[in-house]
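Encoded as structure tokens, here's the structure I'll be asking about.
Naming follows writing order (A, B, C, D, E, F, G and H), and every chain is counted from residue 1.
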């Protein structure tokens, strides 16, 4: 539930006070038996709760989605299989499925624009994780530029795109195998870099461990790492950084 | 070498054109035989090169420090043993040693203020790593608030400090043992959180691996992780975020 | 076989001496060829043998269940697939299947009440493991309170339930991902805490290793850890603690 | 600080109200700059804070010890090197050092007796860890029986002591190398077993990992595991179990 | 190919010299293109080559089996799926499949009896690995006694069988989970013990790693360890030990 | 795209200047949206880009293959499932599938012969990886001799082939299980040895880790290791070595 | 204590019945407070208890040695530092120190000869572990042939010694780095092979893990593995095998 | 012993036939008791045996060095501490110590020039490993160009040196931390690249494991990896490649 959106709807007369009262019963969280939906999270951490579908039944995911959608806020679900999408679509007709990213997104109000993100991948196989990052960042109001397949095996491809990358507020570097992309970008840009190791590869990549260690040990400073394949986490952190910027700008009336 | 500082000194007549010419010979890097000092880094990534003393002789560290100090910029050395400090002090008299953080800092020009950082630790033993983060962030122009020993074994201590923590642009969470601090803070603040696992602990902490995995697997989103004991990396990344803010503010003339 | 229950049945005339003699042939264990059923265990360790179905055929599980059910005691089977349940149901009509917990339970005599347990989970996905713990503890005579989805990403949900948690004799904390729940609870209650890491998560959680290490390295004392996903072990240990209490109370005639 | 002990001293006239007021300023914690001493812990978790000396300077340890000793409670410090002992002895004359256990203990009031613990080791080399467990349990009011060198290589030694072990409320099994002791004891007693893996051994024991995995995978149920070499944690958990018993007995007026 | 058996057949007139000449073409190995069948192995290491079916097509396995069967020796295939059995049966009609052990065995001449082996398992789930060991040892001429489900959770079951176990020349201890069985047996018998860790278990057993480390770190001496689930290796080594005995006896004319 | 082949076609009048101009638009790379095809690679590293099919859809693989085939060069795709082959065959009729190696190869111009390679395997199960190495080396112009199933369990088979192996310029040693083959060959030949660990085996081979560590720790010098199961990498490196030889010979006019 | 030796001394009149009675008080074990000396072990497992000095003080080692020496049996101490030797020598004047093997041996009666062992090493650096194996086997009555520095990097050295190796009843293969020696020997001899991985090496040998995995994954069957650097365990197991032979021979009156 | 050099000395009359006969007694190896010096190695693998000093006493190292120096060949010792150097210098006066590389080299005949190698490092701290590689390659007749401190954090430094690097026959890339240098170079040059991970770094680099995994997973093909810190292995392999070139050139009379 997006409390701020709800209150504005009340103010604008879109929702009656009685309706709002009913809706607000779920504050600070709704005890749904199997889940305690954290309706308070947006006030506390800036973004509403996101549904992590893995390990949840389609019915559970749909019930939580419906709960979160009350009041007009946007809802994002990650690691969503087609079955999750079907169930959510059944209760929220505007749901959109991004197959590569495995996300379901219900946009009831376009998010306020808060800043720019460049999402880069080393290879074609890293695209699903990158898409999860991009969709997440977009849901939180970021403008996302996608720059795929610019890994260090053909580093001239990266250099060609460097001007574009340097224009973004935040850079997300998604790479599997040896994960060197994050270090190279970290040495070339003056903006925060978020590194996402992927489990792409074979042999001694041990499910993404090789890329993870590479990124943690990056000789370039200014690189923060999220979990293997965690595109969502990277998109969220990029959103946090851009929202910091946006809030400070707003405070100053810019 | 701080190229911008140098050029301003030329403009202000503090340095003659001939002197500056001599100094600029080291662009884009100085080949010192054992090291190629990256004088171009500040232009490229926003911060000047920092000396990582581990594995370098005191003489090497001092030579690089002297090289970097030309032109009036500030110089930071990390993982500095007292011998490194002694050697640097011998060539740069204003060097200051922070024993806990194991840093040497030579400030020739106060850095421009770019934003705020809160550095939190779970325990007393995490302080050295936290100090490295704090000193680094300060060297890059951040205002740092230190909040130590607020781990989750006595979580009321953390709650007492929450208002202070929430005021910072960026939060650095430093924790060893099980490293739960980052998750708890990540669930409570709306700003980017940088998590630093430390190697503090015993038994199955495996040199910080337990805290590292905890932080990577954090159930709270918006957390970027740096390497074990890498206070420097966290301070640097916090600096990158604050500088993004500062640059954008400056562009808008705020 | 529940020897004590059998002897009481003899005393009460429910079973003849000859029948009991036949039944007692299986002491201290029954050699079934593929298994040596440990009918002596209840006398020795306080609880009857439990059937671990994984790696056993449905027929084997059913045969052992039937053997253990002689004499009127209760029988618990864990890691039971529907096929195991079907086979057991075929020989013991009162068998009840808990799908989430994957347990089969045959209650022939209600267990004596021995104390209270609170079973908490960090997330919705941890519920199957928590249910295994709860069902096990209940089978051994514990009163179980279930408190699900109170992980540290929304820590206010945990604080709301703290009074309830504090009332239990023993607390079981079930958590995957970073597993911080056990540390936070351990710092807030004055009762033994049993931590169960789960394999829920992705990326660098390595099948539950991240939560396991977190729990072993907990900065809060008073936390005992069982194996990954081992809800049964946690429920059993909680039963042992409550039975200690019950036995001592009984000794003192309370 | 032992708040209950302090209040009783006030009631008994041993401490004036003004003195007590001064002392209570440290509630719920004392901010000592480098440490936030958790004076509230005893009320919250049943036992006062214990000083973990590793990573603390002798002076820090002594300052915290002095702070905790106010009001007449007992103070325990673990992982204490002789230097820590010397510093603590300098501020608290009654400090006693246990060299094997590496503990410092200051007893100002004999702890109330709460129950019994048997501490068993597999070998002679496991004794230091076992002593840490024993000293901790004693400090919290447990009566401890020590049974050392009864590992499974000569299992008749264990069987000889079985009657003694079975009499205890809680059994702590301390073992390195392959750590089989916990499984064997777990299969023989009807009380909670706390397993402590030790780092004793060589080759592929990997600093205690082999014993840790053995204990986590124990085929005997009812075994809770603490971190490698964590005698303190085992003694503390044994104390929690016995205190549960003691509190319930007291409630019932036994 | 069993060269000795072949030569005896020549001597006895069962095979003509011309036939034998043809057959001996495959010495010291047959180059089958995809495999070099090591017909010389029996002369060199005492036992004929065994077919490891995993990773081989049924047709390849059958072709190798046929090749090895020439000359009248016995043939053993391990890790054989039913498809392998079907293919082998198609070319060698006397093939016998042991489903639990996943072995195919073609006995053309009963092996000479060379000594005794006791194969013990900790649990029911370890039986497949134990059967592989037993079948292998039998194929090499050992008399095998099977003693299953005598793990340390109910150690009285083991003690009951101790006399039987002690009578064997060699003891094979097969155990998963924590694998303590090998240590306990090693401390009780005066014969060589071969320990086989199995991948049975869950959670932190990491595919048998926990049992493997337990066995390598056994506090009982006289224990040799083979790879996880490697029943074949254990049976083979037991065969080597018994054959040593048999050969020496034969030398002495006993 | 093979730029040199293209230019020669222009020179020979096989392709018009206008056609060539169109084709060269893809230099230095073609941005296909999901992939940036590195047409410049052959000029830079000596061999054209190879399509790694794993993680790519058949359609993507086919599109890249078509792109690379322009201008008449040869195209190699690895880790190709039958579906990839079908898709590629649909756009490039001359495509040849090697089922064991899982490669698709389109030869438009026979590659220039550059030198010899011996590809050895320890066992039959290592053949697929060895074939990938062989096919790759052949595509780059090497003459390959295959020597399979010469592992150290029957070392006489290796010695028989030693003269053949010693004649090759480069030796590729492919082995799973304990991977000793590389060390043994490394101690016997005076040519560069490329070791390829395979994931063949069971138990504690941990997906090829055992063979990888063996090869990295080889007591024989002159051995370079590639990733587990990475036949392609070994074939490529062998090609690089032979091409060095070929180029130098050509320079000298030999 | 060697009970059989003691009884023979009684029979021969070397010890009076009263003395023997006093000595036998320590059966089945002596409770020395810090250690329970297992005087019964020789009767049970064939060899007397051996003192593992690591983790024991010199005084403890000496006290145990003295205890074990009663009755005229031989005493072996392993992992003995010079300080342990000095202490033991103080109470048992005939103690002999083997510096390479770090063993102390007190021979009061020459052990009966039970069979032959060949101890082979891959390199010079493996000699200390090999010596521990050799000294142990000798103490248990084996005739030991030492064959050092025959690793596979120069395999002709091994082949030269093959006849000697093949003559032994049992072969111990000691190797660090990649540990291939055990596989090669296992493929060449028809006797049981005991493999001892050593921690010799650097880089990715991870304290002997590389050699350990190699040996466990040996493609040659008939190889039993002991813990890293565990020369004692290998010597003991070789002794068990030879004693089996010796006992059976004796039974048959050979 | 350099057999070819010896025979040439005989031919030239520098050594008498009788002297040569005496010297040749050590063929194919010298049994020195603790070591079997492999005098045959140069004939077999192209380079003479090199002394790995780690784990050898200075006296042993010196004795082997003296043995190898007979006949006029050159001798190389690696991992040599100053004590090893002192001992070797005592028996071979021309010994030269390279402190950074920890090598001792005795050159009695300048090695024939066989080709070029470029040795690159990512940082200053990687120089010792790079020097070991360089010294080794030089001892085997390579011309070595050293290019240090060109890691990817300041990638323009690498690009400046690219022309120099591309001129070498073989490139050795030495890097710790995240080890990305090998991938970047592999994507830019058309020559074989040998990657050497170093143990330089901190935190989750796990003694070089991070760089090792990076290099094994390199997205650039044509990269062979040697063990962590194994500069010797890299130099040796580079020598093998250059010698292949040299031999083939010589065969053709170039």
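Criterion: contacts are C-beta pairs under 8 Å (C-beta built on N, C-alpha and C of every residue); 3 or more make two chains touch, one makes a residue touch a chain.
As the structure is a prediction and not an experimental result, all values here were calculated from the model.
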Of all chains present, which has the mean Cα position farthest from that of subunit A? G
With over half of the numbers shared counting as same, classify the subunit E/subunit G interface as same or different. same
Matching residue numbers in more than half of the contact pairs is the bar here; say which of E-G, A-F or A-H clears it relative to C-E. A-F
Rounded to a whole Å, what is the gap between the Cα centroids of subunit B and subunit H? 39
I'd like to verify one number: the distance from the centre of subunit B to the centre of subunit C, where each centre is the average of its C-alpha atoms, in whole angstrom. 50
Computed distance of Cα centres, subunit H from subunit F, in Å: 27
Subunit D residues touching 2+ other chains are 123, 153-154, 186-188, 203-206, 209, 212, 216-217, 220-221, 227-228
Output every touching chain pair, sorted by label. A-B, A-C, A-F, A-H, B-C, B-D, B-H, C-D, C-E, D-E, D-G, E-F, E-G, F-G, F-H, G-H
Over in the complex, which subunit F residues touch subunit A? Could you list them? 28-29, 33-36, 38, 40-41, 49, 54-56, 60, 79, 197, 199, 207-209, 212, 227-230
What residues of subunit G sit close enough to touch subunit E in their complex? 44-47, 50, 169-170, 186-194, 212, 216-217, 220-228, 232-233, 236-237, 239-241, 243-245, 248-249, 252, 254
Subunit A touches which residues of subunit C in the complex? 123-125, 127, 148-150, 153-154, 156-157, 200, 202-206
Using the touch definition from the top, list the residues of subunit D that touch subunit E in their complex. 122-123, 151-155, 177-180, 183-184, 186-188, 201, 203-206, 209-211, 213-221
